[in-house]
Structure formats: structure tokens, C-alpha cells
Amino acid sequence: MTLLRASGITHFFGGLCAVTDFNLSLDRDELLGIIGPNGAGKTTLFNIITGVCRATRGSILFRDAEIVGKSPDRIVRMGIVRTFQNIRLFNELTVLDNIRVAHYGRVRYTPAEALLHAGRYREEERRIRRHSDELLALFRMGHLSGERAKNLPYGLQKRLEIARALATEPELLLLDEPAAGMNPREVDELMDFIRWTQREFGLTIILIEHQMRLVMGICRRIIALDFGATIADGTPQEIQTDPAVLEAYLGEKAVR
Amino acid sequence: MGRAFLKKDLTGKERSQGRWVLPVFLVSGSVLSFAIPHFDLLDQYIQLILVYLGINIILALSLNLVNGYMGEFSVGHAGFMSAGAYIASFLTVKVFPAGALAWAFPAAVVAGGLGAGLLGLVVAIPSFRTRGDYLAIVTLAFVMIVKSALENIDSVGGARGFLGMDKLTTLPWTFFWTVATVWIIRNLIYSRYGRGVLSIREDEIASGLMGVNTRHVKLIAFVVSSFFAGVAGALFAHVLQFINPRMFDIIKSTDVLVMVYLGGIGSIAGSILGATAYTFLLEALRPLEIWRMVLMPLMLVLLMLFRPRGIMGLRELPWLEPAADRLSSPNGLNGLRNSRGANGFGGKRKDE
Amino acid sequence: MIYLIQQGLNALQLGSIYALIALGYTMVYGVLSLINFAHGDFFMVGAFLCFIVVTFMGIPFVPALLISMAGVAALGVAVERVAYKPLRSAPRVSAVITALGVGIFLENFTLALSPYPKHIPTIIANTSWSAGAVTVSSLQVVVVFLSVVLMLVLHFIVQHTKVGMAMRAISWDRNVAPLMGVPVNYVISVTFALGSGLGGAAGMMYAMAYPVIDPYMGIIVGWKAFISAVVGGIGNIRGAMVGGYILGGVEVLTTAFLPSTYRDFVSFSLLLVLLIFRPYGIYGRPRTEKV
Amino acid sequence: MKRTVISIVLFTAVIGVVFAGCRKDGDSSIKVGVIAELTGDIPAVGASCRNASEMAVKEINDAGGIEIGGRKYKVELFIEDSASKPDQAASSAQKLITQKGVVAIVGPNSSSNAIPASEIAESAKVVLITPWSTNPKTTLDAKTGAPKRYVFRAAFIDPFQGRVVAKFALNTMKAKKAAVLYDVASDYNKGIAEFFKNTFEENGGQVVAFESYTTNDKDFSAQLTKMKSAGPDVIFLPNYYNEVPLQVQQAHRLGIRTPFLGSDSWGSQDLTKLCGSDCEGYYFTTHYSPDSAAPAAKKFIQAYTVAYGKTPDDVAALTYDSFGLLRQALAGAGKLDRDSVRNALAGIQGYEGVTGKMQFREGSGDPIKSAVVVRIQGEKFVWFADAQP
């Protein structure tokens, strides 16, 4: 069953074409990897899907609903959420509040109820609270819930960022270079963690990554981008042997 | 003030202490607010200062919502205040019958707040597109526009000012509105909108990408903030019994800014403290005459150097937080903690 | 038509002064991202220095200008060292509030010394030339000419000297610049010296053009110059100049063609409209955030 | 928890100590409060007010005080800064009344400060004399329109002066077309400008330009250029002495040669200092002219000049007269209670002050006094004509 269908996505950055004619049909429960050298348009693609930038041309259907042109928060409520290449937590807020912020779109009470702490407020807040506590416990961060996010070590900040994304109750999770700055042992842990998360939360995941080991290790399907254009789409084995990829991506890497 | 007083490491047990402070304060405060003027427990001068104090708390707290909690830099508070002052005064003087002022006054105050809130809506819209310094300019220009407009409206006296208001702002009313402001703004902060406000301060883009409707949140924050600025203006007009456009110039805005940043951004207790310190110091330093105005900014600069976020920056008195927000959750974390869960990645706790 | 030319000349003079003060704002902002709200009061100090130097020491124009500039530059550097430097890593707004405090302090300190307005004696022979019904005064010429010269000098320093390059480097990225061997503290001091020095020059010229000065003269002019800087695109030198002339032009033209009671109302509304269409000013670029 | 309580207690205690103030029982002195704009946007006004107050009180005390009911009382002066903010003016008044127990208050000066302070004085039944406030509403009850009982002023009010100036322009200067430049944000300037316009037009004149600016503006060239093209016979500047020189100089620079006319706000010797020769030969209406003043006034002018190095401006003169009125009232009251003082003040017949002869209109706090027209000659203000509306 198709969850996300992108067709003809094109995005210009002042004359420069950051993404050209990107097409994708993503099934539920897939774990898709996107690779490509720096500047290939991977993050731009995420920005388009999440509504940060608006595609110049093309359409993206998520569960058969158009998302191009919608605001980021609408898209989150529809069930797409992402993490960031450089961690972007709410630094001065506590771990718990970082999680609770992400419940914004899932809360049903009106501003008036919020101002008066009346009506559905209490019940909903209790629910958010319980959900957040469970989530933190599941991520083994329950004991840290009162800590300010900025005080966490790097690895825990990454973990919190994923937990925060999951608090929005997404169907599709976009991970932007989750393994950046990790040593091989941590990458192994991360691979387990991503697999576990996908299973536990029933997610579909798109992953941008430079660490080939991670991508090849957990993705069953990989798309390779170069200069905004899709140059290959297939299983890890196919990608590894694809001449275009070798030339554009691995070739470049070898030179480096 | 000791650390125990400002607990920031949140352990449930200590948080639950001091719960009695709030109810005791509310009850004794409301009794006193009636008793003081009735039995003349304090002289008129101190009563007047207490009224100013209430108004200043309302102003500081409402500005803190936008500047401290949301992290914008608005200097438009004087404009909202003047809107509230003029609307309420116009109503009590020219519209409501003189005999009905007892019930009409609260209505006038609310109307003043609503009028200011409406202006807040207008100012919020540019905040969708711009932030920081550009928004500061928008609000600065807003203050000048409102002042200039008022100078040109002859039916409210133009530059000569508007008068004829009765002294309707009593101590009980001041107390009521101060408590209402603290309560409602606290409620807002400890709701999903309040967390949205905080997340905008921390990282607006990430906030939107975590599902926060940033436009909606900004609108609410601006409207609530300007509503209470309007309320403060209405109360102010009915204690001075005279208003003119010049009272609400950019200097007034900077006074409120000083209160907010003195007391501490992102803290209700901070705003209360900042407004209190400001109001009382201004009066207590009177014997210094001109040097009072030299000393005050100097103290502000020194405070900023040693406490850049203000006295209570980003911290809160525990008994101002709602009971439901306490960290000791009914489920008990320990039960959940190690039952099942991620084979964590990402290293150890910092303190291990 | 003659009326329009005359009003245009008026706008040019007013705009030059706004532009000159706006430059100080923009310099500091460009390098430090700090709105130096005390700048209007630096400007006031410049005018008072000019008063002291000219009245009590009888020093002629050019040295007086240099003394004013140097004095205010020193003040700017001192204030930066004492009050702003410790706050470089603090939240941005703390420094802004500190600046506000420094400004109020300067105003009231000057006031405590002497509350009465001061008169600046004539420094430059005041002659007017008339061409038909259009009148140009020597003062107007001096103010506009000097402003333009100072702006050009500043432009040269920023674009073509080593220290200017360092300033641009810091404004580009304050964290990376020191790694590239840029002496940050020194460059920031130079920035403050330049920005404040310009404020001092503006104060002196203002005092010549409008020779009655008082301790609060910097407040409104300062805010207006800040508006000019933002309208032009804060942090951008060309923007500050253009913004100053726009504000001066708008103020003069609304007075010229509309009832002057509505001047503030109309001119600030116009500026707001401008900011709605160009939210980051004329030369400003939004700081695009990488996601 | 203990520390919480202790902190709160300490905080309250500190505030209590601060506000308990010193409540001395000074039976042998009369307490008089002064509210002056020492800081804020008109510090020069506050400074003059304070100087004149201190001088007036020193004079009284050097003369042994005021005799009331056979006993000599010295005057004890309490000066408060209103920071030129209405709320601070109100709290100053309240503090003087309740904590210092003053018999009377002199000040505040600007109407926007005087009105809220007068409300407080009125409700506490304490005499308040504002030296300088010219807004007609200062002495009137806003609700009923009737005069306040305890609020007086030493200056004449805007409508009076507006009419005087307009008549002078029409009849003496023979002007047909007038232009006005005024500060729209200041009630004094705006008030006189409007009353001038009304009177001038009612009597057959024509106001060809009615231009405004905002407080703290220094550049008036746009407005003046506009006036120049309207071609008036006279330009009326009801503005303060620190702004007038700029306006006149800029007009001259623009080639305007029309005569200028002013109001009592020109009445500071600083005007000629700031103006240089630019104001030569212009007229303004004011309370008194130093050369024609009464001997007592001359004595004051001289003493003030010696003490403060400058001739007294209108604020100083009016403050001094406020004290003069108060002194006469106290001496005539016979008793020191607030109501007797009030009645004695209201009943003063023909007080001869620095700013001329005055007495209060029946049942009102506004004085009846005459205006003079003064001509600027060199450094001096020279008497030109007495003026009645």
C-alpha cells in the first residue's frame, strides 16, 4: 500500500536547481535510505516534504492528500515528522517539556479552556503527561525528565530528538543523518535502535545518511541523488553495483 | 534568596512543599485589599503605591509573555496600554450612565483590554514574517502611530488629555486584576499554547516541525499580552483620573522593559519581583532627587552584568506552578523505567 | 516646483543626520548583532563635548569635530569593554537592556550636572545663497557634504582595509573568525570606536545645525535613526544611508503635502507598509536558517 | 521552607522600614511641599522651580518666619521629583500630604502633572498652587465643570493669553494673515495656538498656515518652507524658549523675513542667549517685564541672578509668586489648619508679585492678572504695552 507518492518534485534555489524531477512511491512499513554527496539535495527534499520549503513544481500525496503548500504543523498533524542534521532541541526546556511540546497537534482543547484550565484541559494534560512519561521510560530517559535539554550529553540529545519526533504520533519518520558524529560501536547501537523503533511504533522511515554501513545495513531500498537528480533506486546490492552511483558518489568519496 | 527557595532541580517531594503559600496569600490578600482602605490600615500614599504596584505587575507580566517567554522583542506595550486607558475612560465618562459605574467599571476595563487585544492582533501579523529587531521596529512605530493618532482625536482631548474619570481603581479591584492576570497567564504558560510559546523562543523552525501552529500561538500570545496591557491602562487611567497621549510614549515602554528584564525573563515570579523592586525603589530612592534617575539605570546595568537573565531568569517559584505540572507522576516512573524499552544508544548520563 | 526643490533640500539635511547616526547603529549591529540603544546618547555626548570645547576653549571647527569624535569614540570603547563585553555569551537581549540602561544613565548623569539647555555658538559663518526662491545655507552644505564624506570614509575602511575585512569576517561568523586569526576584541573595539565616533560627529553637526542642546536630545533622534537603520536593512552600511534619507524624506514630504499634525502618523505608517513588503529592509537579507 | 518564610518576612520588613518614613512632629514649622520636574522631559522647568522655591523659603525664614496667631513659624520645605510623569506627580502629592503632612503644595508645573496631583490635593483638602500650569482644566472639576476648592494657579490660562496675542497681532501689528507653528504633543502650545486661531479669525484675520511638530523635533524647515509659500504677515510661535531660537534661525536661513510673535513661554533670559541677534525686535506676551516690575520683583530678580547666575525665567518668577501668595495667605489665615489657609488664599486682595498684581477670580483658583507685551531689544526684554483681552 502506498503511503507517500511524490511526483515531479522540482525545487529551484535562485537559478540553481536543488532538486530535479524527484519521484517516489513509498509503501507503508518501508525503511528507505537516501544517499548522495553533499549538496545532492537530500535535506532540501526533507524540507519540501515537511513544508519548510515549498516545491517550485510537483506534487506529494501523503495517504492520497496533497501536502505541497501546507504549513509544517499541518503536515506534522497528518503524520510526517523529522529529526535534524544538527540537533535542534528546545534547549532551555526540560526533557519532559520537549516531549510535551511535540504533543501540540494531538491535543484537543481550545484556547479558552487553556486560559481557564477548565473543560478538557485537565483530562488532556493528564493524558499527554502519561504518554510523555511512557515514551521517556521507553527510551530509558525517565529519570532525566526534569533535566534541561541543553545539559544532556550529545548521544542522549539525539535520542531525545527521536523521542520528541515520535511524540507527534507520526506514521512517517524522516531521519536526517542520525549517525553523524558517532563511532562505529554507537552506529551499531543506532541500527538496532532504529529497527526497534520502527517495529515498536509501526513506522515508515526515510533515512538520509552518509555512513554507508548504516544505510546498507538496515535499508532494504536506497535512492541515490546527485545534483538534485535521482541516479539510482534499488536494493543495497543494486546500489552498490550501480555504475552511476559508483561514479558520482563512491567515486567522489574515493577521491576524498 | 537561597536555593531551596528557587528549586530548579525538580524532585517531586520538594515541589509539593509550600503548596499552602498560594491559598494563604490569596485569602489574606483579598481580605487585606478590602480591609486596608476600609479601616485605613496604611496611609493613602502607600495605598496609592500598592495600586501602582498592581498595575506594574500586570504590565510586566503581560510583556514578559511576549518578550520573555516567546523571546520576541516588543517595545509596543505603551501603545496597548494607551488603547486600554482611552477606551475604558471614554466608556466610563461618556457612555455609561454615571449612576451605574459600580458595575460598569469592570465592563469598561474588559472593554479596554479587548480593544488593546484587537490591536495586538494587528501587531501579531507582522510577527509571522519577521522576528527580533524588525519586530522591535514594527512595535516602536506602532507606539508612535498610536500616540500621534490620539493627539489628533479631539473628542478625547487630543494632546490636552482626557479627564473626568472617577477614582474607580480601588485596592480590591487592583488586587483582583493582578491575581487574574497572574492566574490566566500562568494557565496559558502551562498549557499546550504556553509550551508552544516557549518552543518558539527556543527554536521557531523546529517548533513548527514538531506540530506547533506557530501563527496561532503567536496570535494568542500577542492578544493575551496586549489584553492585559489594556487592562493595566484602564486601571491606570482610573487611578490618575487623567490621561494624555504623552504618558504612553516609548519611555513608558522602556520602563516596562526594565521591570521585565530586571525581574527575569520567562518567569512569573520574576515579573512580580521586577515590578515590585522597580515600583518601590523608585519611591524609596526619592530622597536622592535627580541622582535617583542616575542610580536606577546603573543598578540595572550591574544586575545585567551579574545576572544576564534577570533575578529570576527562566526559573519559577514552585508554588506558582499548577499542581498537575508536578513531576512526580501518579504512575510512578520507577515502575516503567526498566520494564522494557530501547536498547539505548548515546552514552551515559553526564553525571555518571 | 521651487517649493519641492526647497523641501528636497530640507529632506537632504535631515536625512544626512539620520543617516550618520544610523551608521553607528548599523556598524555595531553588523559586527555584534547588538542593538546599541545607548547610541542616541553617545550622540548627545558628542553634542555636549562640542559645546564644552567650543564655548570654554574656543576651539575652531575642524579640531572641535575631531575632539568630539575622539571623545565619543573613547566613550564607546569604554562602554563596550565595561558593559557589553562581559555579556557577549549571554542572551542577546541582556546586552540590549544593558545598552538601554547605559543610555538612561548617560542622559540623567548629564542632566544632573546641568539641567538647562545649552546654546552652541556659531562655529561656521552662516550665509545663505538664494537662487530664485530657493535658499541654501552654508550650514546645509556643510552638513550634507561632511556626512557624505564620513560615509565614504567608513565605506572605504570597511571594504578596503584589513580591519574592515576583519569586521566583515566577524559579522559573517563570530565563532569562526577567531580561529582564522582575527583578533576579535581588538576589532570589536575598533568597530565601537568607529560607530561611536560617527555618532560624535553626528552630534557635533546636529549641534551646529540645531544649536540648542539638552541631555534628552538623543532619545527621539536615536530611535528614529534606529528606524532608519532597520528600514535600510540593519547591518548594512549602504542600507543605513539610504534608510536615513528615506526617513528624512518621508518626514519632510508628509509635512509638505499633508497637515503636519498627522506627520508622525503618516510617516510611521508608511514605514510600516514598507517593512511589510520588505520585511528585512531595503538592503537587508533574511538570515536564512539552515534546517 | 524556613528560608522562604524568612525571605518574605525580610522583604516585607525592608519595605515597611522604607515606607514608615520619618514622621517628625515639627510644631514650630510650617511644612510646604514642592513637586518639581527635576528629571524627565522638562528638567529646566523643574530646576527653576526648585531654585525659586528654595530662595523664597530662605527669604521667609531669614525674616524670622511667618507670624500666625502671635507665633512665628519657620517654613520647612520638602521637594519631590515628579520625573515629569503624571503617576509620579500623583504619588509625590500623596506622599507630601500623608507622610510629610504639608499644609500646602507648590507645583507641579506642567499641566499633565498638575492635573493628577490636583485631584489628590482636592480630595485630601490640601491647598495646591501650580505656578505654571495653563490648562483651563487644572483648576476645574472635570465632572461638574465647577472650580476645584483647593487648587490654585499663579499663571494666566491659555484662552486669556491666546486672545491677548491675537488682538495684539490684529490691532497693533496690523496683521491680516497669520501663520502658527506649534508643538502638537504639548498641551500648552496646542491650547494657545488654538485660542489664538479662533480669536484671530473671529476678528477678521486669516490664519494661512497652522503647522505643527512634535516635542523634541529640532528640524522645522519643512513646516517653515510651507509657511513661506503661504505668505503670512506675522508668524506666531507659542513654543518654549529652547525651541523658539531654532525655529527663528531656521526661518531666517530659509529667507523668511516676517516678524515673529510669541507667548509667555518665551519669557526666559536664555531666549536671547540661545537666539543671538535672530530674535531682535520681536514681541511676546508675558506676565511681567523686568524693567517695569515692582521694587519687590526687582529685588527678587537681582537676588536670583546672584544666586543662580541667570535671570529668573517665567517658571522661577511664577514659583516665587506662588510662595508669595502662600505667605500672604498664611499670614492672613490666623490659624494653621488647611481650610483657613485655603480661605485666606482665595480671599487675597491684590497681591503684588513679580509677575504683576493678582487676585483670584471669585470662587475660582484662576488669578486675574494683566499681561504685558514685551519687545526684545538686544539682551533685554523691554516693556512695550500693557494688554487686556
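Order of writing sets the chain letters: A, B, C and D. Residues in each chain are counted from 1.
Keep in mind that, in the parts below, contacts are C-beta pairs under 8 Å (C-beta built on N, C-alpha and C of every residue); 3 or more make two chains touch, one makes a residue touch a chain.
Predicted model, so just to flag it, every value in this text is computed and none were measured.
Of all chains, A has its CA centroid at the greatest distance from the CA centroid of subunit D. The central chain here, found by comparing per-chain C-alpha centres with the mean of all protein C-alpha atoms, is B. Interface comparison, C-D versus A-B: the higher count of C-beta contacts falls to A-B. Mean C-alpha position of subunit A lies 38 Å from that of subunit B.
A straight line joining the Cα centres of subunit B and subunit C is 33 Å long. Remark: subunit A and subunit D have CA centroids separated by 71 Å (rounded to whole angstrom). Listed for subunit C are residues 108, 111, 115, 219, 261, 263-264, 291, each touching two or more other chains. Each of the following residues of subunit A touches two or more other chains: 52, 84. Shared interface positions of subunit B, i.e. residues touching 2 or more other chains, are given as 147-148, 151-152, 205, 209, 290, 293. Of all the residues in subunit B, the ones that touch subunit A in their complex are 9-11, 184, 187-188, 190-196, 198-199, 201-203, 205-215, 220, 224, 266, 314, 322, 324, 327, 329, 331, 333, 336-350. Residues 29, 35, 83, 86-87, 90-91, 93-98, 100-105, 108-109, 111-112, 115, 219, 223, 226-227, 230-231, 234, 261-265, 268-269, 271-272, 275-276, 279-281, 289, 291 of subunit C touch subunit B in their complex.
Residue ranges of subunit B in contact with subunit D, taken from their complex: 1-2, 4-5, 17-18, 21, 43-46, 48-49, 52, 147-148, 151-152, 158-161, 163-167, 236, 239-247, 280, 282-284, 286, 289-290, 292-293. Note for the complex: subunit C touches subunit D at residues 3, 6-7, 10-11, 13-14, 108, 111, 115-117, 119, 122, 126, 128, 130, 133, 135, 137, 139-140, 206, 209-212, 214-217, 219-221, 251-253, 255-256, 260-261, 263-264.
Against subunit C, the residues of subunit D that register as touching in their complex are 38-39, 41, 43-44, 46-47, 184, 211-214, 216-219, 221-223, 225-226, 228-229, 242-243, 245-246, 249, 252-255, 270, 273-274, 276, 310.
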